[in-house]
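Take a look at the structure below.
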């Protein structure tokens, strides 16, 4: 059973619609006791870093998520800001992140973006995979995914990088450490590439 | 053979779900017999002669000289109308205006196929868009009425619009993709009553509709079967009747030449029709239109009875997607799944439970058959 | 590299999809939900849906319709029409929409853009400006479906929006709307000089080349169109369509340079 964390941030309905169409069981989780029976977690998120962290802390899910992800090694997939909050901290905010990755979230340096528009990074962009991971099966890398963000994730450990995308410079658009996955783009709004990513995650 | 207990025809696959079916001493049903005795002798696919078809085309060209187009062709995106379009342009040299009615249920494949055919043949397209709020109300009325012919709102609007357009613009020739090759055996009236019966349509709407029909086009049998052809000289022609039309070959040709997208079953160009014929009609009423379609293919030698029986073992709908389809239909009609379920479980009614003009149709059909102008037909 | 986006734009009026010419004579083109469904199956880049009644009638956005449309889109959706408050924006985002567009409210009360950005994130805040050329050749901003002229200088206002910080700017040419004879390239050139946020242009696209030329010129830009993706041929037959595969490939190639 896939648990989509409903803490007030992110397009949870779109993700549920995708799993519904794939006929893969999933449910919204807004309280700790709803995590019973959940063996894979999706952590969505949009908007500002601090706002997302505040809401997650308020939801009462923080502790049980740390336990499930870090101790029990339950697979978790973070989307957009849901991925960003897995870092230690963000340029965008003052609060600490979940710290699941040894990483920082930084603002794109407009000086190295030598075209207009500059920010946010908005639209369909390719991804360059770093390895042949099963979660990237059947993905059309040239078609890529839809991005909508001004801050990007920077892993300190190169081994955590699953894929990069070029915007001004190459940045980490997909990360993975053991059971933890994070994607900067919006797979729930990237047509077949997105559907395949969610499907692959469920089948891990 | 014990004929009293016979339920399925020995020649085709029509059976007693058509409650009016009769079997002769050999176990052959009346649909087949009508085909062999009434249709085949006059149609004769083996001895079909291009000549009549080309003569027809010549007349259409003459009627249309000096105009932007010489005929109009109703196009749904389905295989019959698409193949006809190809034929009309490339073989007969006609200049049809492609006419499409958008009733709000077009599938992506249908829209794509229309585009490919129109572009591939360099034709002009004309569409009439039915007001969706009205269509929705009318369709819901039909669901509420409990009758089996709930696709009437779509069908009626197609023909009404086409006739109206022809009348308005002085177009003398309408081409349709109807054909004996795949439709010589027709849906029994009990399953699908005449979609053009406006008296029935209006009665059902007045009893169950919630808003007036201001934009929805209404036709009626006398207007388009008597007035238009005999007074205004507007003729409907079925060119596919003049040739051996093999559906599979036709589909392949369109795929190769135009990048046509195949449909899994007949009428899948409209999501509603797919739901209607694939699920509603067989599951609520026990009327499986595949039996009609396959029987037509069987008697014209395009399918074997064994193949048909095999296919009929599976449900007419896709069990994988049916829940999704059910939800889609409910959502689109603006009702809950429970409400749609409610209509599904409600008692079955027939066209006789509402006002109708069947008597006029009966008279008309007799006259047509007596004059040899219509072969077979609905019963 | 980042590709330019090609974005069908749908106008909703009295629950139905309409197309206008110079913001007038709305022609009914069908059911919005079926249109979105077909665009979704065609895998379009993104979609803009604008409710042209909400502001004029001073009513709330039609949340039920928005929810249905969002359910059909596996691509990003931008909704505009009658949005005035951060609470409305939050509600719309929650229904599964990626971006919220404001026009008249953004013009009368630019501060609302900051408030909304604080709730949904700046990247999701879009401002749509409807532009008409005056008799003297200058570009003027209009609201309420082209009926009310705004007493602000277009380029000064755009600079103000840049300073406030928004996610995207959509420039809609009233003069070219529905005419299908090409975008207002002079307008686009001038606007582009003043913005560094993503820019999307709407109004006038008549064929695939109009879009390709635009993208070739600006490399990264949003090319939106209404009539082009809804009509076909001389009779303006209603048929949902998108750019052919060849054109999409060209756009991908442009992004590689």
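Descriptive notes on the structure:
So that you can tell them apart, the chains are marked A, B and C in the order they are listed, and the count of residues begins at 1 in each.
Everything below uses one rule, namely that a contact is a pair of C-beta atoms (placed from the backbone, for glycine too) under 8 Å apart; a residue touches a chain by one contact, two chains touch by 3 or more.
Everything quoted here is computed from the prediction, not taken from an experiment.
The interface with the greater count of contacting C-beta pairs, when A-C is set against B-C, is A-C. Centroid distances from subunit C, each centroid being the mean of CA atoms, peak for B. Distance from each chain's C-alpha mean to the overall C-alpha mean is smallest for C.
Remark: subunit A and subunit B have CA centroids separated by 50 Å (rounded to whole angstrom).
Between subunit A and subunit C, the centres computed from C-alpha atoms are 28 Å apart. For the pair subunit B and subunit C, the distance between C-alpha centroids works out to 40 Å. Under the contact definition stated at the top, the residues of subunit C that touch 2 or more other chains are 71.
Of all residues in subunit A, none touches two or more other chains.
Multi-chain contact residues of subunit B (touching two or more other chains) are absent.
Within the complex, the subunit B residues that touch subunit C are 97, 100, 102, 104-108, 111-112, 114-115, 118, 124-127, 129, 131-133, 331-332.
Within the complex formed with subunit B, the residues of subunit C that make contact are 15-16, 28-31, 33-34, 37-38, 41-42, 68, 71, 232-235, 237-241.
Contacts from subunit A toward subunit C in the complex involve residues 11, 13-14, 17-18, 46-48, 51, 81, 110, 115-126, 142, 146-150, 166-167, 186, 188-192, 194-195. Contacts from subunit C toward subunit A in the complex involve residues 1-5, 43, 45-46, 70-71, 73-76, 93, 95-96, 98-99, 118-124, 167-168, 192, 195-199, 218-220, 222, 252.
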